[in-house]
Amino acid sequence: MLKLQGLSAGYGSFQALWDIDLEIDAGEAVAVIGPNGAGKTTLLRAISGQIAPWSGSIELEGQDLRTLAPHRYVQAGIAHCPENRRLFPRMSVEDNLRMGGFIPDARKAYGERLEWVYGLFPRLRERRHQLAGTLSGGEQQMCAIGRALMSHPKLLLLDEPSAGLAPVIVMQVFDLVRRIRSEGFTVLIVEQNIRQALELADRAYLLEVGRVRLSGPVAELKGNEFLRQAYLGL
Amino acid sequence: MFDFFLLEAILNGLLFGGVLALLSLGLNLVFGVVDVVWIAYAELVMVGMYIIYTVNILLGWPLYVAAPLSIVGVSIVGLLVHRLVIEPILNTPPINQLLATGGLLFFLQSFATLIFGSQFRNIGLSLPVVEFFELYVSFARLLAFGVALVGIVGLYLFLRRTYIGTAIRAVAQDREMMGLMGVDTRKVYLITSAVGGALAGLASILLVLQQDVHPFIGLTFGPITFMICVLGGLGNLFGGFIAAFVISQVISIGSFYVSTELSYVIAFVLFIVAMFFRPEGLFQRRS
Amino acid sequence: MKRWLLLAGLAVLVAAPFAHPPQYFLHLAILILIWGMIGTSWAFMGRFGLVSLGHGGFVAVGVYTTALLWNVYGLMPWVGIPVGIAISLVLALAIGYPAFRFRVVGHYFALVTLAMGEVVRLSIIAARDVTGGSLGMTPARVQPPTDVSWYALQFTDKRYFYFLALGAWLLALWVWGRIDRSMARSALEAISEDEVASASVGIHVTWQKLRVTLISAAMTSLGGMLLGWYNQYLNPDSLSGIGISLEIVFAAIVGGMYMAPGPTIGALLTISFRESLRTYFGVQLIGMAETLYGLLLILFIIFMPRGIYGALYEWVQRRGQTPPKTPVAPPREPRPGTAEAR
C-alpha cells in the first residue's frame, strides 16, 4: 500500500535520510526502530508530507504523494500522530478530536466516528470537555491517537507513542494499538522501545544514521545476532 | 453619596468599553492566528466609516443598507491586506510586517485625504439622549454597545461552534500541526483576515453613529487599541476584552476628574507600568 | 581610496553653501541633514533589533523643553538643550530599564515605545496652556531682534543652520563609527541573535541595550531641537506621535539601517521624493503625493527590506568576494541533532 523508494531527505544543508526503501501492505503493522538521531521522525514527516523529500519516491496505493500539498496528505489517507502528542492544549478533548475529523469526508461521518473513538477510549469520553493540556500523559496519548483515527486513515503513523509514559501506561497504549490493528487499520510505528515494538509488529526496519540497516519479518529479526547484541542486550 | 455625574461617567465608560472591546477582538484575532500586528487596524475602521458615509450621504441609500455594506467592504479590505501585503512577507522577521502595515497606515490615511479631503464628515444622524434612572445617556452610545455585544457574542459562537472557527483557534495554539489535520493554513489566515476586517467594519458602524470621520481619525483610537491588546496579552481574546473595559473606565473616570487628554495619558502610563509587572499582559499570553 | 573620496565629499558639503545655491535647495539640504541625523540615531538601536516606534517622543521632548525654557524662563538654548537631553535620558531610562530588565522584546517592545510616543504627544496637548496644544507654538524671537544670534541660536541666514545641521549629522556618523568599532557592537549583535545565550556568556544584556538606547535618545532629541529651531515652529502632531515615529523608521529602512550612510540616504530619498511629488501635483490632488509615498513604502518593505543602500552594497559585494551583510534578521535553520532535525 505504501511504497518508499530511494527516499532521501533532510533539513537545510543537513541530510537525515539516505536512500530509504520501505514497503507496507494493507493491514500490516510495521515498526521502524533505531537509536536517537537515526532519522525515524524525519521518515514519518516525509511520509505525512511535513517535509519534502530531496529525492526518491513515496507512493500510496500507486498514487505519487509528492505531487500533493502538505495539507492534502490527510485526505489521501495518511494520519500522523506526532512525537510528543502535540495536542491543542487550550482546546477540549472533543475539540481536538473534532480537528482530527476536519477533512470533509470525516465531517460527514463525525457523529459516528466520535462515538467509535469514545468506544475505543472510554476515558476520553469521561473527559470530553476537559482541556487537553491538563490530561495525564497516557490520556494525552490516547487523545492524540483518537484524533488521528477520526479521519479513518488508510495508514496510521505513530511516532514514539510510549515516550514519557510510565511502563504500565505504555502497555495499555500498545494494547490499544493492537486493538486498532484488529479493527483493520494499517499502522507504521516508530519506537525506541524495541521490545514492545517487536511484540506488536509484523515486520520491522532498523534505521541507523539515516539508512536501513536491517529489515524483515519480526520473527527473523528477533533471531538476528547483531540486533540481539546491540539493541536487545542479549 | 451617589454622585450621579460620576455614575454617568462610569456608565459611559462601560459603553465605550464595548466599542474598544470589539476593536481589540479584531486585532487580537489576527495577531493570535497570523502572528502579525495590523498597525493600520484603526485605519480599516476609518475605511468602514467612509464607506458608510459614501453609501448613506453621497449615494443616499438608507443606513440599514450602508451598515452591512461596510462590514462586507472592510472584510474584503482585510482579505486584500493579507493577500497583498502580509502574504509576501509572511516568513520575514516580524519587524518587516510591522512596518508594512505601518506603510499601509500612511497609504490609507493619504488615500482618504485624496478622495475625501481632510474635512470632518458626518452622516448627520442625530440620536436622542435617553434618561435612565436619572442618568443621561446618549442613545447612540447604547446602540453602539448593543451592536458591539452582538458582534462579540457572534464571534464567540463562530469560534466555538464552527469547524473553521475551531481551526482558527487551533492555528493560534499550534501552527505546525495544522497540516496534519488537513487544514490549509493559508486559507485559515485569509478567513481570519476577512473576519478581522468584518469586525473592523462593525466597529466603524458604531463609531460613525457618534463621531465625524476624517482621514486621521484612526490616530485617536488606534494607539489605545494596541495598548489594550498588549495589556490583555497580545492574541488573547479574553484578556483584551477585559482590558478594554478596564481602560475605558480609567479614561472615562479620568476624564471626569481631569481633562480627557490627561486621562489618556494616565491610561498609557498605567499601561507602561503594567507592562513592567507583567510583560506578557495581565493574562496568560497565547504562545 | 575610500578615505580620499569621503574627504572630497565632505569638502563639497562644506563649500556648497558659499556657492550661493537657491534657498529652496539649502532648505532641503538642512532638512535632509537633520532627519538623516535623527534617522541615524534611531538606527543605533534599530540595527540591533531594538525597534522603537516612539522616537517621536524624544524628538518632541528635546525641542519642547528647549522652547518652553526659552519662552517662559528666557533660558538660552545652550542651557535648554542639555536640559532637554537630560529629560530624554530620564524618559529613555524610565521606559528602557524596566523593558530590558523584564525582557520586553519584539512586538511588545515596539508597542510599548509607541505608547511612550503617544504619552508625550498627549501630554503636550494636555498642557495646552503652556504648549499651545495642537495649534503648536513658536520659540520667542530674541530681543532685540537681530539677524545673527548665537545666544538664541536664531539666524535669518539659512546657512548658519546648514552648518549646525552638518555638524550634528557628522556627530551622529561619528557616534555610529564609534559604536561600530566597539565591543558593544558585537555584544548587541549577539544579543539580537540570542539573548539567553548572550547572557550566559557574561554579556550584561540590560546594560548594553540601555546604553545604546540612551545614546539614541540623546542624539534624537538634539536633532529634534535643531528641527524646531530651524522651522521656528513646534507642533505635537508633527513632532511626536505615531506618524512621525513611523516616518523616522521608514526613512532608515528605505535607506538601509545596517550601514552608516543608510538612514541619511533614506532621508534624502524620502524628502526629495515627497517634495518632488508635491511640486508635481501642486495644490491639485492633495494627498496624492502621500498616497504614492505610502504605496512605495509598502512595496519597499516587500521587495527591498534591506533598503536601497543595503541592496546596492550587496550587489557590489556579490560581484566581489565577501558574502553579503545579514538581511533584516537571519533566518532560523533547525539545528542538527535536536528534535527539529530528527
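Each chain gets a letter, A, B and C, in the order it is written, and its residues are counted from 1.
Note that in this section a residue touches a chain if its C-beta (ideal position, glycine included) is under 8 Å from a C-beta of that chain, and two chains touch if they have at least 3 such contacts.
These numbers were taken from a predicted model, which means no experiment stands behind them.
Taking the mean Cα position of each chain as its centre, C sits at the greatest distance from chain A.
Chain B has the Cα centre that lies closest to the mean of all protein Cα atoms in view. Each chain gets a centre from the mean of its Cα atoms; for chain A and chain B, those two points are 43 Å apart. Centres computed as Cα averages put chain A at a distance of 54 Å from chain C.
For the pair chain B and chain C, the distance between C-alpha centroids works out to 30 Å. Taken together, the chain A residues at the contact with chain B in this complex read 48-50, 69-75, 79-80, 82, 86, 88-91, 95, 98-100, 102-103, 107, 151. Note for the complex: chain B touches chain A at residues 163, 166-167, 169-170, 173-174, 176-185, 286.
Looking at the complex, you find that chain C touches chain B at residues 49, 51, 53, 95, 98-99, 101-104, 106-108, 110-112, 114-116, 118-119, 122-123, 125-126, 241-243, 246, 249-250, 253, 285-291, 293-295, 297-298, 300-302, 305, 327-329, 331. The touching residues of chain B, when paired with chain C in their complex, are 31, 37, 39, 85, 88-89, 91-96, 98-100, 102-115, 117-118, 215, 219, 222-223, 226-227, 230, 234, 259, 261-262, 264-265, 268-269, 271-272, 275-276, 279-280.
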